[in-house]
Amino acid sequence: MRRSTSALVTKVWLYAVLVVFALPVLSMVVLSLNESRYGTLPFRFSLHWYQVLRTDTALLDALSTSITLATEVTIVCVVVGTLLTFGLRKAPIAITLPVNGLLLALLSVPLLLLSAGLLSVFDWLGLGQSTTALLLSSIITSLPFVVLIERGRLENLSPDYAEAARSLGAGPVRTFLLVTVPLMAPSIIAGGMLAFVICFNNFAIQLFLAPVGISTLPVQIYSMVRLGVTPDVNALGTLVVAGTVLIIVVLNWLTGNAARLFTTTRER
Amino acid sequence: MATVTISGVSKSFNGTAALHPLDLTVEDGSFCCMLGSSGSGKSTLLRIIAGLSDPDTGTVRIGERDVTRAPSEKRRIGFVFQNYALFPHLSVGTNVAFGLRARGIGKKEAHTRADRMLELVGLAGFGKRTPKQLSGGQQQRVALARALVTEPDVLLLDEPLSALDRKIRGEMQAELKRIHQETGLTTIMVTHDQEEAMNLGDSVLMLSHGRVQQFDTPETLYREPANGFVAGFLGAVPLGNGIIRKKDGGTDAGRATDTATGRTEIEIDGTRLRLAASTLTDGTPAEAVVMAERVALTPASERPRNEDEHEGTVTSLDFYGPFARAEARLGSLTVPAMMLSQHAHSIEPEQRVWIRIAPGGLHAYAAQEATRS
Amino acid sequence: MTAPSPLRRVGGSPRRSAGPALARTGLLAPGIVLLVLFAFLPLVALVITGFVNDRSQLTTENFAHVFSSGTYLRLLGRTLLLSFAVTVVAIALGWPAAWALARHVKPARRTMILGLVIIPYITSQLLLIYGFLTLIQAGGPISYVLTQLHLTGPQDSILYTPWANFLMLVYESMPTAVLVLYSAAESVSPSVLEAARTLGARPRYVFTHVIWPLSAPMVVVNFTLTFVQTVGAFAEPAVLGGPDGQMLGNTISTQISSGANDGFAVALSLVLLVTSLLVVGVVTALVSWTKRAQSGGPTNRLTAPPRPRTRARTPELTVARES
């Protein structure tokens, strides 16, 4: 009896937490459909702010900058990350140890501090705040996630498949391309999607390394929030969250349990 | 030490009955085995006794105490889990001392008593190791020591030996028997292994689909299985469906049971076979089951046929190390026979044999009862 | 792969053994170049910049500047304290939820709930901050409901106070807490808990002597992840915290943005990083001390602690080693 009571209490707590998780997002969704100019209630349904969004070039430019950046970063990260994952598999410890150490440092040093270091390096290289600096910094912060996810899959992959292919007469290259890569595909796609998300959201890097005059979406929202918001941000936010949900659904489908991928994610 | 009394206990999960209302008394100091296949409700019943699961109806008493609503930690029980459930973060000694420490007994005394208990289960000096460093059998001994050290009123064992390999299982059975004799603790063990239940139990509770099939001593269970399910679980093989034929008593001189009850036979496809005492009435349709180890085959060439024997032909013979199993055709029936391999040398396929089914080796149950399993 | 068989080696040229090494270099090269240039160098740069002044001379004056001013030390103290509070509160609030998720929710529904948990986890942090702002601002949904109930005035709001910043940071830390503690809860086998109860342990004792020691490694992982990230927060206090809710991250970000004195910004960053790692170290030591104290006896030290099963393949293992 006593146990089922505590089970019920913690379960109610869990659902309460889920509701609280949803509140800021729901608030944004509700206000995006609300007429009010100042994001205040009472609620009067209107699609007005979605209309406004269609002509808000600042926000739309920022969105397209973010999407372009994230796409470029994803492509580079998937290629470099996949090569790195396979290269590390049988590499001697003299290589794996420092590489893993750097990947780990990238995951655990606060991005604010990493940005400061990156800015110094790009200053030395004469790049400063530039699109190249932004691109390279975004790549380096997304790369560890691709490697982590692909490595998890590769370690679980039975060598039997590759050995079977070899025993059937396939050479190493053919085996790699026709057997190993297809088996790795779900984790490569999942790693790519994660790289996209991490890069898209990487506010600190974008704030400090983007050249003057170029705003990604988080940076644009940041400056709008500080200088005065128009409620069409709600509309855009709603659309971005919808995209996020879609990504989670796809990741769940690819990996069986998307949540497992995110236990090292950090956003700040 | 205490008698365990269960009255009217039932339990269902999501509307499916796991346990139909059930009464059971396990006498003080006795060893009761709850036998059944998975899903029979035996573990559910044990967990209800332990307080790990709440019954929907009924009461559980340990000695004089009604513990139905008492949480597990207040029941003074020892519980041994199938997967041992040793605390992975504690040393063996601290595992054993856990129950004492939880009851507020000082560290020093708890560890002294734990060491003594480890000695009792044959693991003296293992206290400082971690559970991971022990073999399965050793872990099970630790689990046993941990359950015993608190001097519980009842020891409850949930398939404690099923994860062990055959040889260790035999050793652990002997160990359990010895410990039960030494401590005199009321013990209830769940198992799906009939040999284990027969070997260890003073009494065996046979469960199927949440209902008690039979509750008896192992001998009675074996000699007089209450129904086809119990007989089948003990290894009896279906022989066929037939009709019960009663004869008047006294015709067969020299057999006390026959003179008292009369002689009962079952007729299957024209073959008449003598049954162990049966309460079924003349003319009842029934299914017969036979225990292969109580069937003897003698080559027809050795001697003339005795009166209680039937003529048949061997159809197959297989050796399983110390044992051999033969099948013989008797009319339209196939009769299995189990024997020691050393006795099987005179038998070969296609041979004419005399078949003798020992009294008590053949049971018959009303047809619908025999099919329930 | 296994070593080439002797049979093959007979016909093989030296190239066969050189081949894989060469191929591996090809695979590793792009990644390693990127890592060295943009992970290793920035970390080195952090240290060097901190010890160099405007005139490119080696100096400790940046650090002297940090420590000479009570303002920065007070801000540092407040940042560490606030992050500590945020982390502890997030863990405390996340634990029961994670426990319920692992124990009392049907497996089929679990995937869906985990999906809901990671929505805030991978939604742009700025959108969340903005969403939170719309939620708590005067006239926003919460204010509206409270005003309708006559509990607050229409213009009352916690926006632009340290509380808004605190709640936002807790909110952002909660998904991590739920996910990591979910793994912890999963790694405590139900029968071990039942065993403790049959041995006479009351719920409190079960918690302190079984659940806590078995979950402690994951709690440390959780603490490390959340604390180190919270310490570096600057967007939340900048948007929500108002003048009294600023953190050291704001000072650092202002310094970096202005580009006026990189050395000083970096010195501040280094002090923040080192002190926060110190806090993590102390907390780790404390947690393992409570764990050992509860498990009774130094015997555990002889062997490696058992690794929870679920941790083996999840990425946080690598992070756990760091702590």
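Each chain gets a letter, A, B and C, in the order it is written, and its residues are counted from 1.
Note that a residue touches a chain if its C-beta (ideal position, glycine included) is under 8 Å from a C-beta of that chain, and two chains touch if they have at least 3 such contacts.
Remember, it's a predicted structure, so these values are computed and weren't measured experimentally.
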Chain whose Cα centroid lies at the greatest distance from that of subunit C: B
Busiest interface, counted in C-beta pairs: A-C
Interchain centroid distance [CA atoms averaged], subunit A/subunit C, Å: 16
Intercentroid distance (Cα basis), subunit B paired with subunit A, Å: 59
Length of the line joining the C-alpha centres of subunit B and subunit C, rounded to whole Å: 55
Contacts with two or more other chains, residues of subunit B listed in rising order: 71
In the complex, subunit C residues that touch subunit A: 1, 20, 24-28, 30-32, 34-46, 48-49, 93-94, 96-97, 99-101, 103-105, 111, 113-135, 137-141, 144, 171-172, 174-176, 178-180, 182-183, 203, 224-225, 228-235, 238-239, 249, 252-253, 256-257, 262, 265-266, 269, 272-273, 313-316, 318-319, 321-322
Residue ranges of subunit C in contact with subunit B within the complex: 189, 191-192, 194-202, 205, 209-210, 213-214, 291, 295-297, 299-300, 302-303, 305-306
Complex interface listing, subunit A residues touching subunit C: 6-7, 9-11, 13-14, 17-18, 20-25, 27-28, 30-31, 38-42, 79-81, 83-84, 86-88, 90-91, 95, 99-100, 102-121, 123-124, 136-137, 139-140, 143, 147-149, 152, 155-156, 159, 162-163, 197, 200-201, 203-204, 207-208, 217-218, 221-222, 225-226, 229, 233-234, 237, 240-241, 244-245, 247-249, 252, 256-268
Complex contact set, residues of subunit B against subunit C: 50-52, 71-79, 81, 83, 85-91, 93-94, 97-99, 101-103, 107, 127-128, 130, 132-133, 143, 146-147, 150, 156
